[in-house]
Structure formats: structure tokens, C-alpha cells
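Written out below as C-alpha cells is the structure these notes cover.
In order of appearance the chains are A, B, C, D, E and F, and numbering begins at 1 in each one.
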Amino acid sequence: MRLDRMSVSALEARFAAGQRGIILPLGSLEQHGAPGLLGTDAICAQAVADGAAARADGVSAPVLAYGQAQFHLGRAGTASLRPSTLMAVLVDVMTSLALGGFTRVLLLTGHGGNIAPAQAAVQEVMAEVSMGRLALPAPLTVKLRAWWEGPRLIGLRRALYGDREGFHATPSEVAIAMALHPEAAPEGWPTFRPLPADPLHDAGGDRHLDAARHRAMFPDGLIGSDPSLARAEHGHALLEAATADVAEVFAAFQAAPDHAAR
Amino acid sequence: MRLDRMSVSALEARFAAGQRGIILPLGSLEQHGAPGLLGTDAICAQAVADGAAARADGVSAPVLAYGQAQFHLGRAGTASLRPSTLMAVLVDVMTSLALGGFTRVLLLTGHGGNIAPAQAAVQEVMAEVSMGRLALPAPLTVKLRAWWEGPRLIGLRRALYGDREGFHATPSEVAIAMALHPEAAPEGWPTFRPLPADPLHDAGGDRHLDAARHRAMFPDGLIGSDPSLARAEHGHALLEAATADVAEVFAAFQAAPDHAAR
Amino acid sequence: MRLDRMSVSALEARFAAGQRGIILPLGSLEQHGAPGLLGTDAICAQAVADGAAARADGVSAPVLAYGQAQFHLGRAGTASLRPSTLMAVLVDVMTSLALGGFTRVLLLTGHGGNIAPAQAAVQEVMAEVSMGRLALPAPLTVKLRAWWEGPRLIGLRRALYGDREGFHATPSEVAIAMALHPEAAPEGWPTFRPLPADPLHDAGGDRHLDAARHRAMFPDGLIGSDPSLARAEHGHALLEAATADVAEVFAAFQAAPDHAAR
Amino acid sequence: MRLDRMSVSALEARFAAGQRGIILPLGSLEQHGAPGLLGTDAICAQAVADGAAARADGVSAPVLAYGQAQFHLGRAGTASLRPSTLMAVLVDVMTSLALGGFTRVLLLTGHGGNIAPAQAAVQEVMAEVSMGRLALPAPLTVKLRAWWEGPRLIGLRRALYGDREGFHATPSEVAIAMALHPEAAPEGWPTFRPLPADPLHDAGGDRHLDAARHRAMFPDGLIGSDPSLARAEHGHALLEAATADVAEVFAAFQAAPDHAAR
Amino acid sequence: MRLDRMSVSALEARFAAGQRGIILPLGSLEQHGAPGLLGTDAICAQAVADGAAARADGVSAPVLAYGQAQFHLGRAGTASLRPSTLMAVLVDVMTSLALGGFTRVLLLTGHGGNIAPAQAAVQEVMAEVSMGRLALPAPLTVKLRAWWEGPRLIGLRRALYGDREGFHATPSEVAIAMALHPEAAPEGWPTFRPLPADPLHDAGGDRHLDAARHRAMFPDGLIGSDPSLARAEHGHALLEAATADVAEVFAAFQAAPDHAAR
Amino acid sequence: MRLDRMSVSALEARFAAGQRGIILPLGSLEQHGAPGLLGTDAICAQAVADGAAARADGVSAPVLAYGQAQFHLGRAGTASLRPSTLMAVLVDVMTSLALGGFTRVLLLTGHGGNIAPAQAAVQEVMAEVSMGRLALPAPLTVKLRAWWEGPRLIGLRRALYGDREGFHATPSEVAIAMALHPEAAPEGWPTFRPLPADPLHDAGGDRHLDAARHRAMFPDGLIGSDPSLARAEHGHALLEAATADVAEVFAAFQAAPDHAAR
């Protein structure tokens, strides 16, 4: 169930039944190569969150459509929160959810650039509680996952795309967006360019470059990915896999008794 | 067109044609009486923004699903950003949009509690520019509207609900949510209670009470409204009216030359 | 009575008598056209606050002489707080007043640019209380007014200046400043220029432009006003009218029982 | 001349003559013993600033009526800014003054609790410039003084009150307030109590205790002072002495060429 | 070479030779079980940084002795920065290093709780650059490593401690502290307790619990580790291994040409 | 005893014996003339803190190696925290120490630029407590000292260096650094240049100039000091003197009963 389409009554009935978990998807609005959808990350995160909630008898929150994507700033349509801003948002939303009765929050990101700020935000809430600056009505537990890190999804994307998955505008996320928004039908992808060897950086999507340098290094906006491989039918299967992975994590998380209770 | 479902290529084509305006809807996740949808404000703001953009050949951004709703905190499912947090989000998003090529941003709120922080956020961006703390690539102009303040909408909701429109969980917004989410079908609304005379406060939705006092004053979560009057067919008509109002504002705003050009 | 010229003993006597309201005037230091007084807004707000307090057996606080006036930055003598700074000030002052025994604060602004940050500041205090971040010793209620929005004042200024009142360096405020500081005697006002039609902006004083663009649009510093019409004798009458308006609001506000008591 | 009672024209004439200095007085609103005026610190700072400006052909700004006075919080009528808030205010005001043409700012405090935040605020502005976060149009130099630290004033208060001057609600400041507000006429001062020996603290006014502990240690609100010695005629003489001291400092400060010019 | 024991002259000679990299170790002050050294994390991070710098002809900065350790707050001797505070520190230090001539910063943490804030801090600096809020004199590249994640160290600690390494107060770090501070000689370690199965949490050291719940779950302060296995001679070997690992990373990082140069 | 080399057990034993004081040294990393050690301030502060703790049966914390040194930014190797950042660090560390059982914190700075932010940070903690934003488990008392302000040290440095001590890169601090790091052996000091008469500034080290202007005024990085006079043997004697001075202050501070107890 999607929280924004639920009523207070329906939610209170869940709480009365002891179901106090929620999946909060984190998106981003950013370039995904010239033809890719700007909202790909939010679209995927929301879809996986909604699917997993449906499957695991849980609740999913509306996606935070704006994330931390500073490296893409200056490109048409990209928006980015500073990490400190994203942290403030998550601190307030997590505090609110706890005040309103939730005790388990699964942050589900669709964008790697959100991971560090999201983890730091959880630490910030806990620090404020530990320091005597914030009083929550009940213990709150938070877990963070990206939708692509479960075993089913990893297996499937490896089978479909091998080493052309890459780190941004990946064929996986493009395929899911195509499945969900067939009217968009991106075409004209740039030719695949493998990730260049780079002693300055580690492998991975967030290379800690400012936007100008990032653009110079990745002028077509792709980071070792080949989104031309994406097909809508892949997208349905990938969504199914990711949903199953996340539902499993969420179900166990929501059902687990609190430490204090053991 | 919805920005998150557009590509960089499509957006750049618009920019090349001189179309540099966007509608950014602001929502909230908060109680709307026991049976009302928690996401009513975001649902309405997004729908009106999308409709107005479609009608005026504009672009609408994905809604900010979380707003300033502190007075409802502690009720199941409500989330609130602090005003300072909402300001930080809007400062970053407006800055990003300007960096990426937009020069006109119409903030369209679906929730009264966002108005002051949104205005203050616009002032904050401008103050940072004026003080030499922030350099934008081109002049940015921002306008703020609520979706319910155009003449067509005002006329229609008065005709439909008269003095039972109220200030929160209004029949107008409930009707739009019903039109868009017929599966939700809220029922069992509390009996109508007119807004009590209150020398402590002005008329209007944001009474500047903390959540505990607000709840004591409005235990059923309604503020002078009678959402039991809402019908899905009203919703379609209200949406049409609001969309026409906002499209008119946006079209003139996007088309107007900048001061510097005159 | 002016709070800064009162003693703790005198104030405690008022509290013992149940009089726990205060008027807090908000000013600005900013250009008011070439000959206008830089402190016009603070001068007016303090005078109306003091007069209303005297008339309604209330207390007025010393004016906050600096406000949010970013659009005038760069002009000689203008000072501006960022909105976020003004909010921090008001959060601290409101918290302090509550800690020291006040339960009703009427914010009385003399400058339109303060309105959004002041409202957001009230929301911020309430949000902090609602979130469990701030504990106040007793319920605090805050109301915001501009000194020019009561019926007596509106009627009088319309009678005196018609559509030449404008939005900044208005003849009303200039007249009050002349009445209170006859030694200043501004002269040599620029020729009246009606507010230009402007599809980019709404009517009103705060146009959300940065200072450079604002100056380009309003080079003489006036915004649709004709301060050459101002006379000191008008000022005395306008002050009387505004004082009566605000005293009425304050008296009812201070006397009203709290919700919790009803 | 008082800046708030000057016009842009008059100020620009001063700038054209190379007079680019200003005195910015910093006050506080806080308990000064049961009979003392709550605004004593602001009253004194403003009076000395105005007098010194008049004497040295300078400009004085309107006082910041609220300062850092956390140790007095909870007592009727005291207001305090957090140090971080006071810093934000001073950063914005100093930046504004520099943007508007001032190059020399003499901060003149009437309250010891403002000193550390004011110094830190000057460092903050300079740090932002040094780090490339803030661009000022011309070099800004800031100096900080308390009104009581010049030689004439020190000599006179020693002669008048010897070791009964103390650190808060001092006879000096009370006398000046009496001279300026004879209608207030405080009486009924508590019996003099010398500052207790205290290995926990250094001598001086700011003992870094929270308000509850401060009140327990100084229940009558006096800190080693005997304000019953204050007389209005002392006040006139003390004001004259302080004014002369500060005028001397300001005149030299305003006239000194900038380093870059040497 | 340790930066704090170098002179400007010596550093400028390095810069002239094109050596512009630095290792910045991040520590923590926190409980390490009853007998463990509170500064273990800082001691290890500093030692590995100094050793790697010596080996790779680099420079190491003095350790930041305080980190993010909120989960241990309330235990004697633990100190924690909030994540937002740690980020502010790192933003300022990285900015400073860039202003002073460094272009490559290797953050080397000795504590897992610092990782998310450190990554977020790097993103924050880059976001400020990308948004036009901060101007650095030359491109800055930052990499983050923990001292224990290189292949030599991982192999050795596995050989020494197998699955008793755990996540906090690990025998590895205790052994290094013993090697460097033989006078401390911790003894009386609690009996080994394997990490309990916990569906609420992922494996790893930072479990996102507030301090009270963390203490309830880990009353002896150990998290799946058996520090009783630590020996000083292990420490010397572990330090050698970690030093070699980090030196290798740093040497490549410092020597790699910037993207802009390719 | 150095806190980072102590265990929880050892610290708890001290607490059980009523010894709840700590010395927290504050350093800086900044230019000290071309040949001086960049870490001189931290080296001295740590050494005096450790020595005083050893002498007075106290505990010393690890030094905060980074301080407020904005005026030296841009010179090779200098790092600076903004004052607001340093305050955040100290607020968190003081809060942590209080949560962990300390009740007396002696801040001991080795750098004048830290003094205002450190005092403001103490005020900030106390303000948060006074305002109901922070709850500490027991009363916390904080005192601030520079290591050079005790009588023994003042006498000795006057005897050794007379009026050539100056305000930065002083022979005193250089001598202590030489005594502790004989391998560094700075040489080639610039010729002594007395502090120029400067009507723009007061005497003292922190002249509130941004870094570019500071460098223009003090191109060799010395501020009225003659570090060529420094000798390692002086350093040992100066360290002894400062240690004795600080030990005396700390011993009385730690032993004094709290006000509440009297």
C-alpha cells in the first residue's frame, strides 16, 4: 500500500495489528544520457518500493524525487540537494514517521549518490537522541538498501548485461523505466565506452568530482554503462526480481522484535 | 510534459526554442481527517501542475511529496519538514534548475503550510545572489501560487461548497483526490463542525499552534471543512478549473521577456 | 509601556495580573528613495507598537532594527538579514519571551520583506516543540500583523493618497517618519512613476528579484509610490489610526483565554 | 548622525567625502536586578555610539537591541540570542554595510556577553572571504570595543564607585540609564553583596553557567555591583567620558588609510 | 613526513616538485571495551598514515582525534561529533588544504562511524563548487580509505584472528595500539561473545542504534570481536601490512595526472 | 594521564574517586614563518596539557589539531576551521564529555584565534541548556585558558625575549617546539621587524583581516616576533613554567565544589 493513498484510519488499523514498518524510496532527478529519462532513479525506487510493500504486506512512502546528484549539475534538467540538505530532509522525515507511529524504516535508494548522506542522516538522528537533543516516543530502527543489491536482481542483471551494466544510466534502470513508461521509448544512445582505467578514482559511480570535471570525464553522461541494451521486457523481469529481493528484506525487518523486547 | 519522464535531449530542444519555464509542485504528507488520503495535497498539486503544463506547452517537475505540516505531527502517517529544511530543499532545487537552464520557476503549492517557507526560500536564494555568495548563470525569476487561488477554481468551489470549504481536508481537494484515485473512496467523514470563533487566531489554515494544541483544538483533523460533500465528478471539474487558471498564469510568466531585456 | 524601559519588578506585577502579551515590532534599515530616511520601517513599527501598547495597557518590545531587505542591498546604507538569519533571531527571541513568562506575542512588522521569514519562524518554533526538540514552560501563541493592515489606516491612506500609496517608500510611512522626526524633512523626491505592468510579477512589494535586477527595474528606489505627497500632519493622523487598529487587535489577543482553558 | 535618520543622499555625500566609517552598537535585553531597566545595555550602547558619532563627525547605526544573555534566561523580560544566531546577524549586517559602501565598522557593545560572539562573527566574515565563499566589493575593517573600556570612563567610574562597580547592573550603566530615562527612576535595590570568592570561575561577568545555575549563584541578579550608588548626574558625566573615549577611537579608525594604500 | 612537524619552506619545496598529495587520518575517541584504549582508532589511523607517508614519500596530516561515535555516548570517555559537525570540519579542512596548494587528499579513517560523514563531506565540497558557492584555486581530488581494507592487512588479520576479528575493539586495532603504547597493556578482556543473529540489522559495525539501545545490545562494548587475542607483536606486523597497503594506494593517487591534463 | 591512552576502567576509577576534570587542548595547523613548524600551536598546547595533567593528577584529552586560522589561509600547509565549525566541534565534544561523566573542562588553547570561538561555544552549550534544547546529566563547568597566560610563563618569556616575543611565531612557542622536536631544527628566520604602528588595529595577534590583506601586511608570516631568539633549552624551561601555571589552575578547578553543593 502506498502511504499517500492511505487514510489515517487504515494506517492506524495496521499499527493496531503491530505492523509498524515502512519503505521510504529515495530518488534523484538527473541526466541519464541524452535520451534517458531524467527521473529514472525515482521511478525505479518508487516502483520497487511499491512492489515490495504489496508483496510483503507493507507500506511504501512516496518517493523523495530529488537527491544528491551534484556531479550532474549544469546539465539540462538535473537537480541536486546538497548532502547536508538531504540529511536535513531525512532527519525530519524519519523523526516524523517515528512520531506518527512507525518504528521500522527501510530507506530504499535508487541512486548511489544518496547513500552516504542517507547513512549520515540516520547517524544524525541517533546522535541527537543520544545527546539529549531529541526525544522520540519509541525506539526507531532504520535500514538502508539500494534496490539493486539483492541476489535475484544481481543475478539477472549480470545475465542480461554482463560487464556493460556500468554505474550510471545502467541498462537495468533504463529497462525498468521503459517497462513503466513505454511512451517514453528512449533511443539514440551513445556508443558504449568502457569505464576508463583511472588511478585517481575507485571503481563505482560516485567519483567525487565537481560537475565540470565530471562532465569533462564523462561527456556523454554514461559511466561505463551500455543502456542501448535495455528492453522493456527486461524491465518487467528486473522489477520482479528487485521487488522479491526487497520484500524479503522488509518482511524480516518489520517482523523482527526489537532488541529491548528480547 | 513531466520533467522526470523527459530526456535531456527533449529538454534541450525546448530550451533552444526559448521555453525555459517550469512548474514545481509542492505537496505534503499529512492527515486529512480519518478517512482522507494522507497524500491529498501532493496528489492535487502534481495533477494541477501536470495539467497546466500540458495545456500551456510547459514542463512540470515531480512533486516534493513532503512539506511543512508540523501542526499535524504525531498523527499516524503525517510527515513534516521544518521550515528551515523546506527552505534548504527549495534553495537547492531552484539553484539547480537555474544551473541547468531554467529561468522561470512557478512554485505551485497544494498546502498552505508551505507558503511562508517557500517565499522565504526564494528570498534566501536572491539574498545569496545579492550578497555575493552564489553566482547563477542567468537571471532566475520565481513566482509562487497555490492551485486554488485562480478565479475559475474559486468560483467553482464556492458554487459547490459555499462556506463549507474550510481550510484543511477541504471538499475541493478531497474531490480531486477521489477523481484521481477512485479506488480509495473515503467514507465515514466526521460531522461538519464550523470553525469556532477564536480571538487567538486569524482565519486561515495555519494557526501557528504546536501539534498537541492543534490536535486539542481540532480533534477530528478538520478545520472548518465538510469533506463529506466531495464527489469524484466535482473533482474532475475542479481539476479542469484549476488547471485552466494555472495554465494561464504560467503561459504569461514563461512568455514574458526578462526585465533586463526591456 | 516599553519593555526595555521597564524593570523586572514592574513586569512581574503585570504577569501576576495575568497580562502576558507583548508587541514585538520588526523593522528594516533600507533605502527609501534618495531623500527618505533609511530607518523608516523601524521608526514606524516602533511608534505604532508603542502607541498601541500604551492604548491597550500592553507592553511593546524594542524594535528589531534590521530586517530582510535583500533587494535593496548595494545601495548606500541598506542592511539585510538573510531570511534564515531573521528566522533564527525570531526563534530565539520568541523562545526567550516564552521562557521569561510571556504567552502572547504580536509580531508587528513595518516592512513587507519580513513577513514570510517571520511566519516561517513561528512555524519553526512550533515544529521544534512538536518534534520534541524544544520544551517551552507554557503554551505560546503568536500572531503576525503589519501596522498598515487595519481598517482605520487603510481608509485614511486611501483617502490621502489614493493609488499613489505604492509598495515601498510609501507616502504613509514617509509621513509618519516626518511626524516623528521633523528635523529630517526629506525633500527632492523623484517624479512619480506608476508601477509598470509586469507579467513577470504579482502586484506587491516583494518581487523576488536579486538586488541588481531590482535596482535596474526601480532605479530611483520607489515602487509605485509618490512620497512627495507626504506631510507631517498626515503622519500624526496615520499614526493615530494605525495605533487604534493595532491596539484593538492586541487587546483581544492578550485577553483571549487559551484553547486549553476552554 | 544616526544612520536610520539619514537619507541615502546624505550618506552618499559622506562617502564621496571619503567618510566610510560607522559605529554599530550592540545591546541586550536582560534583567538588571529587580528595579533596573531591562534595556540598560542597549540604552547605554546607543547613547555612547550616537554621542561619539556626533563628536567625531561619524555615523552611528541603530542598536541591535537583542544580544547574547543566556545566563539570565527564565527571568521576566530577558531575551537572548544564541551565540550562533548573534554571529549570523553580525555576519549579515557587516556584509550589508560593506556592500553599501562602508569600509570601517566599529562594533560598540554595551554587554559583555556579546564580545565573544561578535569577535567570532568578524572572524567568520573574514574566513568566508579568505575561503572564496564571499566576495566583498572593497576591503572591510572591523574593530570591537565596549563603551566602558576607554581611559576617561575607567577613571571616572573608579572615582565614583571604586570596587562596587561589579560586572552586571553596574552603577555606571544604571546611572547612564537614569540620566537618559529619568522617568524610570529605579529604587529598592538589593543590599550590596560582594562577588563571592569562586575557584570555579574567573573574575568577570560571563561565568559560563546555564541560567538555572547562574540564578542559584546570583539570586538577586547582581554580580558584585552596587547600583544603589548610581545617580543621574553621574550618568551625564559618565556618558560624556565614554563618548569622548569612543569618539577618539573612532576618529582615528575612520581616518586611517587602509593597509593596501600604504 | 608529518605535516605539523614540517615548515612552510619544506612543504613548498615538495609542491615545487609536483608532490601535492596528503594523507589525512580520521580517528575517534570512544570506548574499546573496559580495558581498551579510548584513542585506539586515532592511534591506528595516525600510525598507518605516518608510515604510509614515510614509505611513499608523502605527507601525513595530524589526526582528527574526534569522530562520529554516537552509539558509544554516555560511556566514560567517549566523545562524538554529530555527522553534520564532522562534515563541517572536513569541508573546512579540505578547502583549506586546497587553498594552500594540495590537490590530492587521501582520507584514511580508523573508525567505521566516520565513513558516511566523510563521504558526504566530500560530496558537500564538490556540490558547493558545482553550485557556484565555493571557488577553489585548482582541482581537488579526494579518496577515502579505511586502514584495514587493503589486501595485505586483510590477509594477515584473517590469518591471526579468523572470525574473531569482529567490528569494534577488534584484535587488530588493539594489537596495533599495544605495539605503539606498550605501557598501556590492556588486560581483563570480557569473554568472547559472537555477534548475535539480528534480523534488525546488517552485519557491520554501525548499527544505527542510539547509544542507550546500543549499550543494551552490546553491554561489554565489544561487537563480535575477541580483543584478548591481540598481541603487541601482531601489532607490529599488522602496522607493517596496513602501511604497505596504504602507501601503494597513496603513491598511485599522488602520481596520477589530473583528468584535465589528459 | 592522556585520555586517549586510558581505558574506560581506569577512567571510571577516577570518577569513582570524584576526579571529574579534564584539560582539552586546542591547537592549529598554520604557517609559523618559513622555517617554523606548522603544528607549533597544537604541539605546545598538547605538551602543556599533558604536563599539567601529570602534575595535578588530572587527565588531558588529545589535542584538536585544527583551529581557527583564517588569516593564514592560502599559505602552504595552513588549515582553518570557520569559527562556526570550531564552535560546533566544541559544543559536541563538551556535550559528549559531560554525557560520559566529566563535570569540569579546562579548554587550553595554543592559538589566539581559537579564543573567541571557544568562548562562544561555551555560551552556545549553556544557551541550549537554558533554552530547553539540550539536557545534560549533571552540571558542567568550563574554563578557558591560553597556555601562556600564567605568571611563571609570563615572567620567563619576558626575561628571555623582552619585547621581541610578539604575537605569532613567538620565540616562546618556537622554543617549546624545538625542545619537543629537536629533529626539526628550524633555521633561516627572517630579520626581526617590530610590529608597525597601525591605527586600524589594536595590538594583538588577531587583526580581523582576511588572508590576502593579512599576507600583504605580514608577508614573512611573523607578527612582531623574533623567533630567531628561540633555543631548545628555553623550550624546556618555558614548558616547565607553563605546566606549573596550568596545573595550579586545573587543580583548583577540579577540586572546587560545585555551586549547587554550597
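Here, a contact is a pair of C-beta atoms (placed from the backbone, for glycine too) under 8 Å apart; a residue touches a chain by one contact, two chains touch by 3 or more.
Labels paired with UniProt names: A, B, C, D, E, F = Creatininase family protein.
None of the values given here were measured: they were computed from a predicted structure.
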item: Chains touching both subunit B (Creatininase family protein) and subunit E (Creatininase family protein); value: A, D
item: Chain pair with more C-beta contacts, B-D versus C-D; value: C-D
item: Subunit C (Creatininase family protein) onto subunit E (Creatininase family protein), rotation angle from CA fit, given as a multiple of 5 degrees; value: 180
item: Same-interface partner of B-E, chosen from the options B-C, D-E or A-B, over half of the pairs matching; value: D-E
item: For subunit D (Creatininase family protein) paired with subunit F (Creatininase family protein), centre-to-centre distance based on mean C-alpha positions, whole Å; value: 28
item: Whole-Å gap between the CA centroids of subunit C (Creatininase family protein) and subunit F (Creatininase family protein); value: 45
item: Residues of subunit E (Creatininase family protein) whose C-beta touches two or more other chains; value: 73-74, 80, 82, 84, 92, 96, 99, 128, 130-131, 133
item: Pairs of chains satisfying the touch condition; value: A-B, A-C, A-E, A-F, B-C, B-D, B-E, C-D, C-F, D-E, D-F, E-F
item: Subunit A (Creatininase family protein)-touching residues of subunit B (Creatininase family protein), taken from the complex the two chains share; value: 2-9, 11-12, 15, 27, 29, 31-39, 42-43, 61-66, 73-82, 84-85, 88-89, 91-93, 96-97, 99-101, 181, 183-184, 186, 188, 221
item: Of all residues in subunit E (Creatininase family protein), those that touch subunit B (Creatininase family protein) in their complex; value: 130-133
item: Subunit E (Creatininase family protein) residues touching subunit D (Creatininase family protein) - in the complex, by the definition given at the top; value: 92, 95-96, 99, 128, 133-137
item: Subunit C (Creatininase family protein) to subunit B (Creatininase family protein) touching residues, read off their complex; value: 68, 70-71, 73-74, 80, 82-84, 87, 113, 115-117, 119-124, 126-131, 139, 141-143, 198-202, 206, 208-213, 216-217, 252-253, 255-256, 258-260
